[in-house]
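The letters A, B and C name the chains in turn, as written, and every chain counts its residues from 1.
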Amino acid sequence: MTTARTTEHLPFGEKRDPRFFGRDILSVSQFDRSDLDTIFAVAHEMRGMVERIGTFDLLKGKVLTNLFYEPSTRTSSSFVAAIERLGGSVIQINNVTYSSVSKGESLPDTIKTLESYSDAIVIRHPEKGSAAEAAAAAAKPVINAGDGPGEHPTQALLDAFTILEEMGTLDGLTVTMLGDLKYGRTVHSLAKLLTLFDVKINYVSPEILKMPAELVAEVGAAGITQLETPDLDAVLPNTDILYVTRIQKERFENVDEYDQVKDSYVITAETMTRAKEQMAVLHPLPRVGEIAREVDDDPRAAYFRQMEYGMYVRMALLALVLGRA
Amino acid sequence: MTTARTTEHLPFGEKRDPRFFGRDILSVSQFDRSDLDTIFAVAHEMRGMVERIGTFDLLKGKVLTNLFYEPSTRTSSSFVAAIERLGGSVIQINNVTYSSVSKGESLPDTIKTLESYSDAIVIRHPEKGSAAEAAAAAAKPVINAGDGPGEHPTQALLDAFTILEEMGTLDGLTVTMLGDLKYGRTVHSLAKLLTLFDVKINYVSPEILKMPAELVAEVGAAGITQLETPDLDAVLPNTDILYVTRIQKERFENVDEYDQVKDSYVITAETMTRAKEQMAVLHPLPRVGEIAREVDDDPRAAYFRQMEYGMYVRMALLALVLGRA
Amino acid sequence: MTTARTTEHLPFGEKRDPRFFGRDILSVSQFDRSDLDTIFAVAHEMRGMVERIGTFDLLKGKVLTNLFYEPSTRTSSSFVAAIERLGGSVIQINNVTYSSVSKGESLPDTIKTLESYSDAIVIRHPEKGSAAEAAAAAAKPVINAGDGPGEHPTQALLDAFTILEEMGTLDGLTVTMLGDLKYGRTVHSLAKLLTLFDVKINYVSPEILKMPAELVAEVGAAGITQLETPDLDAVLPNTDILYVTRIQKERFENVDEYDQVKDSYVITAETMTRAKEQMAVLHPLPRVGEIAREVDDDPRAAYFRQMEYGMYVRMALLALVLGRA
């Protein structure tokens, strides 16, 4: 991470990094290591600016359309905060399915209309590929905020940025992913993104919720050491990052099977006594019991800071695609 | 009311009154007379500023989350206008129950997420105690915008501020509360708040909608002279403030009883001929017939100005808790 | 169009054109030719400013209430973008019918409350006459953004402004309206507005969707040459503006009749080969098949630019009624 970029990129002028300016953010796989270094360096600067002065006018006069075809208050609010803290403003569109813009109108037409009002578009849509379709229609930058079973690249970026900010580096770490690794979109994207760094990954899950074999193969092909186990204790003492996800009851065919495993993957204050002193617990939120509330006061509990880091990553992406970082 | 505060508190710098800075606004009972003097003095300054220049950048760069678990367009819009007229911006969250932020997530988790994006949180929630629960979870200021049958402190404050602005003082006045005094949350809070001033209070209602005895006892214990009567005419000629509330048909066991009383509590132009020349009619709105529209043009009809005063009170509270007044 | 106005009206000071300042925008019929010249001149300046600098603080400090009783994302977003690009801010109110502001409250009361927070109100309401009722209640400017079967004046103004920007003039043109001319509110308003200019109008539609006879009479009485035909090819070669509208299946009594006509009014790349080289295709959007997507790349396809022009017209109207243009 080149913090030397700081003076080059900020403050307050036109910067047009051709890797980002005017581009779309659709998938984690569009980035190489150098791209991530840039994004994270800018996000780190954003953190510093927000901590010092709260808000600044880097994107004053820019209008962002926040187009949500399905509700996601967390992600939507994060983008609103991001553009507002940069001095820009937002056109918020919720529940598009009930609105006239969708009355039989094609997604490209909706996008072409909205880009005539705004400088960039964030889109959340239940269908895979919809963000790419929107980007193809738009001349202005489109940011994918989740396209159903497809990608949610800003989530993966914020997860990686959280690791960086908490640990000071992404290299040399052991990352343990816990819970539902079969259906969890966030762990899939994060595992792919981590192949750009020098990490070891442990997968801890019940047998029926294991990481998909194709993904393990893909990550392995990139040279990453991986270990699969149902036993958290086997890997916890060496874990630098514990990434917890929710296990949903509905995934199980019978309730007994669910009841059997659910408790073994609940992180408690007692669990934390067996973890390293320097480590961080992450969770994409919302949580529903898989991390006990008593853990919140542990300095290693990073999941609420993770939300804040998400805002900095989105500030960085907006500034980069709009040519101001 | 010390208008000398004006120069001390405004304009445009950091002010950190320890009674307000970083604090939550949860209940009217948290304030003493001196707190109210401060709030009303700042609100009065806000009024002057808005009347002269409309908007100013006292809270530029501040982001307010406006979190409404149940709809309340009036209150929500008032807070939006308040933060925008101070140069800040807003994350508006409506209908949280339908959104992902609430999918089984606890209120403290939602609050901790949202405070990572913003500088203060306004919350409206149907459950009593929810605002206090939110405040306990948040490090940043939380303002209660109504927690069901609990409190709605900014309403009581705006009611009292309306009296002050309309009459020039809160002391020495006779306040008459009219209508449904049993279930009306606004009159309960206002009565409590008025115990901090030198007032007389009349309660005019049908027998079955009388002020709760505990509350009358509490107000009396504070040394306030009170009078209960079903007859408006008995007290109208000496009334300085007539606070009208709606009588809801559903409160009555039989319709005849309702039909009998409803008309006796409708304020008309004719009613106003029997009122003082210098007095003010207040109503928390919405009204549905209990004040005839012909009264709107009477200069003593203060209920729409009351809405405007509400914005000034909310501007004052935001400036105070964020350390700028 | 007097571009000499430019220096007189902008930039950045109080201008109080008595034809607009503090006035309501309720109907196209309130404007004469000179009014339109002013609106379009200011809208043209807005276009130039946005193209050069994106956003500017002409209405900094102004708060607009955007009150939508029925969804219209396109129109609502356009007004949001308009006020934000002028440095102002917005109170957005959607789905009022579900909100407390409407709980039995009369429209005038809602308006009086909202104007106490804001500097102007945009209203969209399903009932004819509602915008006028709102305007009568409000002391501040009210802009009609569609009152059901009534008027939608900003749509007609943006249609006319699109013609002006695309062709350089509104005079001497032949305008062909195509599709459902019986129920289409936009073509009715546009035809009325065009009587202020020196144009010829062709109406191309199936027999059962012809322009209402009263409207043809009214437009004719203003001295406009009109021609009705079911055959697009008869008029296309001489058409300067082709205004396409959607034919809705539900308008037809039997499906055969619908299937018969629908294809003859679909604009394709092939259709465009028979059109003038200098002409423009307009559509109020959303379209559902009546213009093939292959036409989008034709430089004469002006319907997405039309959306953008809509934002400039709304910026102009806001600046004019708020005394800044």
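Heads up, the rule we're going with is that a contact is a pair of C-beta atoms (placed from the backbone, for glycine too) under 8 Å apart; a residue touches a chain by one contact, two chains touch by 3 or more.
Keep in mind that this is a model prediction, so the values were computed, not measured.
A.B. asks: By that same contact rule, can you tell me which chains touch chain A and chain B alike?
C.D. replies: Of all the chains present, those in contact with both chain A and chain B are C.
A.B. asks: Taking all residue numbers at the chain A to chain C contact, is the shared part over half or under half, that is, same or different?
C.D. replies: Different, since under half the interface numbering is common to both chains.
A.B. asks: Could you state the distance in Å from the CA-based centre of chain A to that of chain C?
C.D. replies: Chain centroid spacing, chain A to chain C, equals 41 Å.
A.B. asks: Touching two or more other chains, which residues of chain A qualify?
C.D. replies: In chain A, the residues touching two or more other chains are 89, 92.
A.B. asks: Using the touch definition up top, name the residues of chain B that touch chain C in the complex.
C.D. replies: Result: residues 53-56, 71-74, 77-78, 80-81, 84-85, 89, 92, 285-288, 293, 304-305, 307-308, 311 of chain B touch chain C.
A.B. asks: Can you list the residues on chain C that touch chain B in the complex?
C.D. replies: That would be residues 60-63, 65, 89, 91-93, 96, 98-106, 108-109, 112-114, 116-119 of chain C.
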